[in-house]
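Across the two complexes that follow, subunit A remains constant while its partner is subunit B and subsequently subunit C.
What follows is the complex of A and B.
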């Protein structure tokens, strides 16, 4: 669309700008402030320069948490995106089943995150939970509170349960926007189902899929409540993702300096990766 | 392929329903039955857990609090996002692209990073433990989202509409409220749905910014769990009740969800 040049448009944006700036800039400056100072607890602060940044960058603990975070994010993306597309492809296009499917599938998205964590915590317990009990009954030695492997399995299953529907809804929206004429043309040309998927459906879903990947990437990198209720980062530190580690340092040990430095590094990583995604997305849209 | 593929959505829905069923199942059981036996449905069916929640103000006020700040947040986010989205979809102005990306970056900010500074900020301005504090804090991620969705919808409305109204002599605000807003009603519905959703499910900030008066239901659950031991039946009932508002909202916007995703940019 042709846009008119109009500097007065700034007045339209002003309320948004003020509200978001109040919420974003003041806390961000607080974090920056902590990250360059040292304190001995009596509310007196000393300039510490980049000490905390060096400490965090060199700390084994941060590397381990970042590694776990990357593993988590890429695993759930690798499962949720293909699974979500597959389910969207098999969903009915017309009739009352569409509404039934949409309503039931959207349900996990609207459950408060700590309830999701608590629900899975109970569901997976080996003695009173349906999942844990069933797995043990069919011969698996499953106990997510003791064995790191089981904890990871439960964590990933929970996230797949929680968020695959978002990918389904987005892909489905992309699919229904394809005009019937495209399919008829493909039929006349005798195209195989895979060819229809590859050359008609996938290109049409490209934009919504980019959005799905971007949203899932950002949100899974920020995930805190669900794993902290489900496993609390344990057993040991085996499922301590970045957010959980950060809260442990900031509120558990009250090491504000290192926590603030870690926050900024953490935020910059998300920002950088999202910027890459966003730029690619906008370039695609411009084509 | 068709015969098999028809079962895929059904299987997926069963997978989604199982943990929810287990929660609902447990909410109708007595604590003894939950801990004592492994039963697939309640043998000693009881409504005791729900009665406790509806008669005890510390429980039911949690729902009132949650719904209060979620509503304030939804109205506020959509109201300020409307003119901003209009500006982004219709005009070019200095720094518009950077501003749009900067707004989106706030959607990426981890709540864990901001929890402590938020506590200090809202204590300093005297809003700690009020609905407004949580509603304002949640605008951090809901305004960018609302602007993003609405901008997508508005870009789908031809510019001729604006020009015709201008030629007909409508003052701008009169055109905006009487003609433009009804045109993008579906988009406003979708944006409000997402604001409601993300404000309803977020807990870390809501919990950090409240103590007694504005404490959300989900926080009541965690605190009760730690003080009075594990009353699993009660927790399950409270959890079940948190699903209901979401289910209502989805039911009302079900026809817009698919459409909204396609038109808007979310």
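What follows is the complex of A and C.
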């Protein structure tokens, strides 16, 4: 084959390269820079090697935050994915109710994240909030600002309320793309509803569900705004997730070195886990 | 010409006499209405085993709806269905021993080919050893033996559709419905499966219904054909009868590809004349027509650039498009304000935009009255 060599093609890549450099590579390199240096103010820096990485990896505080983060992420995944699929299955496929359902489902996704946090903060207040007041009125000793268990309950409920819609919409898109003929064929075979779900709908939804799980995993692992507005990591440190802890170290204590090292570790954990998820879920596809 | 010549077109495999009850699917006054839309007008049909029953019609003519009603997937608005003399109108589909193949390749996505073919047998709780044997035989017949361990997504389109067909055939259904099964395949595979299909059903005792948009397929499979147009079955009978002697203009149009040529003709005395000018002596059926206006229908292969046929009449018009299809020439031209098509063997160089003289063999023409009914004389 004869291909014409044309170096001008690089010019087409240049704008994207510049854009990515400025919004991703340069900030990332700054973080890398901080993570291997020590400063005593005065804008003077000293080489610190892997000191900060060792410190973070050995810190009890980091382990605890990571543990809380993993608990949070897996809990919401375990609730949101099955719930989202279940809701999508009950939604109508045809008729005027389709758009009504879709709009209702999309509503929580349209609300700015800090507003969601603020909404739930007030909604769950034990003295004036609708949820908090009601729970107390029916006999529960509920106070999310004082009791860690209640704080977790509120946090998870808020995330489920906010993000299950995304799983619903993705699953629904997967469901409506299944041709009617599949259902007819199943009917001719005399398949029961569960068999239809297990052998037709679920395999056909596999790709969108993979995307849904990945998106929800990454988003929930990165989550900052809502829990920081709702509980601010409290009471005590009980709901201090990784991102909240990171902000406390970086901006509260202004420990730039450890914060930078922690950022990189945090980033690598997400990258690694996303890759593992994706490989596991796509394993059969490639076979 | 008389239509009643069934002995000329024997329906192969006369198995009915072996059975105590003749096996057949009868549609009695069946219709379908959704809201204000009449999807299927009241229809009577008797479909028998032993040959393919073809539903021929364009997209949206109601083929799929009619098939789904036959299967019991779609309830009837009026009428009833009888199978082997028994009323099955209200019988749910899973109790009817029906199988269906669709235009899309429908298989269980995460089952292997073996499990896909075996699935109807598993539902019927057939013993494992029988399943192995029957799936093996079916895979042999469908040329799938080498792919039994693969999943549908790892197969070509033709193999996927063969898997779907194997699934439909393995359970010995009494009614097999094929809804444009070859439409999504590429040309070569379609040709291949077309050849295989009649063979697959040759020694099976089941009623087979095959829906298609292509007149060529109907002619190839022979059997019986029902032409469908906008929810109406316009004619039903042995395929070659329907092709040779369409009852009306619509049937003739549905069963013609490229479309049948039409022209206004005027009968006066012993001669016929085209609105465009040419006139000729009326013979055969045409001779029995009373004076007046008629619509003449002439299939494209009876219009040729070279003089030939029983009664060639010279016509001329402006050439709009010419195409070559294999060893055939297709010439589209304008005649008396209508688009006509000529289809002939060999390559005939004609100039687009030029004025061309062609010969219409009016001995092969159909004549239709003002209501579209063919005049049989």
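Please note the rule applied: the second predicted complex is superposed on the first by the 262 of 287 C-alpha atoms of A that agree within 3 Å, B and C clash if a C-alpha of one lies under 4 Å from a C-alpha of the other, contacts with A are read in each partner's own complex, and residues count from 1 in each chain.
In this section, a residue touches a chain if its C-beta (ideal position, glycine included) is under 8 Å from a C-beta of that chain, and two chains touch if they have at least 3 such contacts.
Note that the structure is predicted; figures quoted are calculated from it, not measured.
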- request: State whether subunit B and subunit C clash or fit side by side on subunit A once the two structures are superposed.
  value: fit
Message: Let me test your reading of the model: by the given contact rule, A:227 touches which partner, first (subunit B), second (subunit C), both or neither?
response: neither
Which superposed partner A:258 touches (first subunit B, second subunit C, both, neither): neither
Query: By residue count, is subunit A touched more by subunit B or by subunit C?
result: B
Message: Contacts for A:203 in the overlay, against subunit B (first) and subunit C (second): which applies, first, second, both or neither?
response: second
Query: Touching A:189, do we find subunit B (first), subunit C (second), both, or neither?
result: second
Message: Going by the contact rule set out at the top, does A:181 touch subunit B (first), subunit C (second), both, or neither?
response: second
Message: Rounded to whole Å, what minimum CA distance do you find between subunit B and subunit C in the overlaid structures?
response: 15
Query: What part of subunit B is in contact with subunit A in the complex they form?
result: 1, 5-6, 8-9, 12-13, 15-20, 22-23, 26, 34-35, 38, 40, 76, 80-81, 83-84, 86-94, 96, 99, 101, 103-118, 120-121, 136-137, 139-140, 143-144, 147, 155, 159, 197, 200-204, 217-218, 221-222, 232, 235-236, 239, 242-243, 245-247, 249-251, 254-255, 257-262, 265-266
- request: Would you pull the subunit A residues touching subunit C in the complex into a rising list?
  value: 179, 181-182, 184-185, 187-191, 199-200, 203-204, 284
Query: In their shared complex, at which residues does subunit C touch subunit A?
result: 68, 71, 73, 93-94, 98-100, 102-104, 106, 108-111, 119-120, 123
Message: Under the stated contact criterion, what part of subunit A meets subunit B in this complex?
response: 1-10, 12-13, 15-17, 19-20, 22-24, 26-28, 30-31, 86-87, 89-92, 98-99, 101-115, 118-120, 122-123, 127-131, 133, 161, 164-165, 168-170, 172-174, 176-177, 193, 208, 211, 215, 218, 221-222, 224-225, 229, 242-244, 246-247, 250-251, 256, 263, 266-267, 270-271, 274-275, 278
